[in-house]
Amino acid sequence: MNDAAARNFEYLAYGLSAVWLVLLLYVLTLVGREGKIRAQIESLKRMVEDREKR
Amino acid sequence: MRQKILIGIGLIAAGLLLRNIWLMLTNLPDEAFQGAIFRIIFFHVPAAFTAFLCFFASLISGIAYLRTQNLKWDAFSVSVTEVGLAFGAANLITGMIWARIIWGIWWTWDWRLTSMLLCWLLYAGYLVLRRAVEEPTERARLSAVMSILSFAVVPFVFFSIKWFRTQHPQPVLYGQGKMDTGYRAMLYGNWVPLLLFAIILIAVRMEQERRQRELDALRREIHAF
Amino acid sequence: MTRFLRQMFTIAAKDLRSELRTKEAVNASLSFALVILLLFSFAFDPTSDMTREISGGLLWLVFAFAGVLVLNRSFARELNNDCLDALISSPVPGPALFLGKAIANYVLLLGIECVCLPIFGIFYNIHWTGQPAWLALVMLLGTWGMTVVGTVFSALTVNMRLRELMLPMLVYPIMIPCLMASMQLTTPLLASEPISGDMLAWVRLLVGFDIIFTALAVTLIDTVLVG
Amino acid sequence: MKALAVESVWKYYGDYPALRNIAFDVEAGQCVALLGRNGAGKTTLLRILGGLSRPSKGGVRLFEREHSDRSSRALTGIIGHGIAVYDELSAYENLKLFAELYALENPHKAAMEWLERTALDRVKDSLVREFSRGMRQRLAVARAFLHHPKLLLLDEPFTSLDDRAIALLQSLLRDSLAEGGTVIMSTHQLREAMELASHVVLLNRGGMAHSGERTAEMLADTGWLYRNYGDA
């Protein structure tokens, strides 16, 4: 039972990385949303400037 | 300040997690039948706990929103549901990897798996519903109702498990669970860092929701005149 | 109280009358049910014993798919000419409006089921008359669960983009416990075995589902309708 | 008697206040013209008064009763943008339906009476779907007046109606006002509104710009109000 392969260490590693991968994916969506909010602020700023020029 | 607190929580969580993994690999003996793979349970089960805690929080914040009409509760409700879905996915995937080794198949229509999947779909529906409503106040109201109805189904889903034959290992924390106290301590011990990570994610998401709301209001203000 | 009941039945009668006049939803739903019944026969051998074993599941799938078409129209019907606004601003309480509509849907769904059941029996050679009382009870309970959930979501999604897609997406996961119980109960009934012992737990589940969701729907409907 | 009391009503859409601290009283028998540009909040306010929407802050009292009290709904009549009658029911069935929902004593009699007053009694059994535009509009007016409402809420009543329906509506409104009824209408048609109105409420960007009696200047020069109280 001390043989690493028999003890399924490989799959344990897969399992643990899967957990963090899923959470990482969620963090990435958060980062994406952050970018979207930034873009909205930019476009809103431009709109206000545009209005003031006129 | 807020950021510093969040970073602090993150550091604590990471520290706890490293310690737990170290202990898991060095101190705890292999389970007699399953080998090392059984250690996945220390993530699998706490992930499920976190997911259901999140869904429950979504119910509470839904009720709180309908009571107070305060959009902060709505922001909390979305954040918590999204994080719950992430942990639910982690639970499902680790479960599948474990099943591949122990049962030899990726997926089985065991009722515990199926009901987790069902809850996952239910709350994914909540997010779809939110995307279909433009106006923030109406969105908050309708999705609060949705989260109340969703949570009302959860017990029915779980009742039905009992009456189906299940291949799943006996519930580990109650009943005739033959779980060693060392394992049990680790199970709960590992829940703490996962929960802390969940709190960080929820806090970040809520902040985004708040800014999005301010942006929408600003845009309306500009477009209106 | 009598006023509440009268208003409720007025709404139900109005919905039934306008549906039976146009037959939009009923026709679509019935023909859809027939198509599904036909499609099932290609999926597996309709005469085998296996069909007998899953007959309850098949039947309720047909009911669920065909039923959502009816439920979808329930509140969508009111969008034309802004009739929903007229109903909400009238003295009719939200629960009376909801229950009235639910009763109309219930009658329509049961009607459709009563048409589908004999056709199902003929197509798949199933003698469904073995336990008529139990079968009727299961159909009444299961259909009420579907109706209540479907009607609430019909109100919830009435003003949304892609309403026709939203309703089935949201409604099926919530209906699953109710459908599951109905399926479990119907299969032995179609084989003319009575309900007894462990199976009674499913009946209790159905009753509990119906009660809890009716109560939730009645308390939440005002929040759903008035923003 | 106070027919309507609007008590510092706020309505938020997200963080954006669509109505900001609206407060005014309407005595029974008054006819109020609710004025303002597009997006000023007229429809939002009327929807709150009609019970189709709830204020985020503040409250509304109808005839000294809490607005949430369902029985007060029986006293209001509403004409919105849609005609709010069912295409697949006949004219008679439509009116009888609403008479029953408003729990009138004799739904049949009320329906027949209003079919006669709107000159629809000859076609009472035809489906609304087959009606002409004008007939549908008259039926919509009949539906709103069916239960003798003491408070009428009209959202842009003159924009979508044809001449005959406008004449009918105006005469019904005059009758109602003469009997001590109260009317609140939002409108763009300043001339028609000013002739009928006894008071005006002007909304600007969701806030109250002006409220008070309709004066002779307003009737003579419809732009006067906007020049003096709105930002032109």
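Each chain carries a letter (A, B, C and D) given by its place in the written order, and its residues are counted from 1.
Operating definition for what follows: contacts are C-beta pairs under 8 Å (C-beta built on N, C-alpha and C of every residue); 3 or more make two chains touch, one makes a residue touch a chain.
Quick caveat, the model's predicted, so the values are computed rather than measured.
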{"item": "Identity of the most central chain, Cα criterion", "value": "C"}
{"item": "Chain pair with more C-beta contacts, B-D versus B-C", "value": "B-C"}
{"item": "Chain B-chain C separation of Cα centroids, rounded to whole Å", "value": "32"}
{"item": "Whole-Å gap between the CA centroids of chain B and chain D", "value": "49"}
{"item": "Distance from chain D to chain A - Cα centre to Cα centre, in angstrom", "value": "51"}
{"item": "Interchain centroid distance [CA atoms averaged], chain C/chain D, Å", "value": "38"}
{"item": "Touching two or more other chains - residues of chain D", "value": "none"}
{"item": "For chain C, residues that touch 2 or more chains besides their own", "value": "227"}
{"item": "Numbers and ranges of chain B residues touching at least 2 other chains", "value": "137"}
{"item": "Residue numbers on chain C that touch chain B, as the complex places them", "value": "149, 152, 156-157, 159-162, 166, 169-170, 173-174, 176-178, 180-181, 198, 201-202, 205, 208-209, 212-213, 216, 220, 223-224, 227"}
{"item": "Chain B residues touching chain A - in the complex, by the definition given at the top", "value": "21, 30, 34-37, 39-40, 43-44, 47, 82-83, 86-87, 89-90, 93-94, 97-98, 100-101, 197, 201, 204-205, 208, 211-212, 215, 218-219, 222"}
{"item": "Residues on chain A engaged by chain B in the complex (per definition of touch)", "value": "1, 4, 6-9, 11-12, 14-16, 18-19, 22-23, 25-27, 30, 33-34, 37, 40-41, 44, 47-48, 51"}
{"item": "Contact footprint of chain B on chain D as seen in their complex", "value": "12-16, 39, 56, 205"}
{"item": "Residues on chain B engaged by chain D in the complex (per definition of touch)", "value": "69, 71, 135-137, 213-214, 216-217, 220-221, 224-225"}
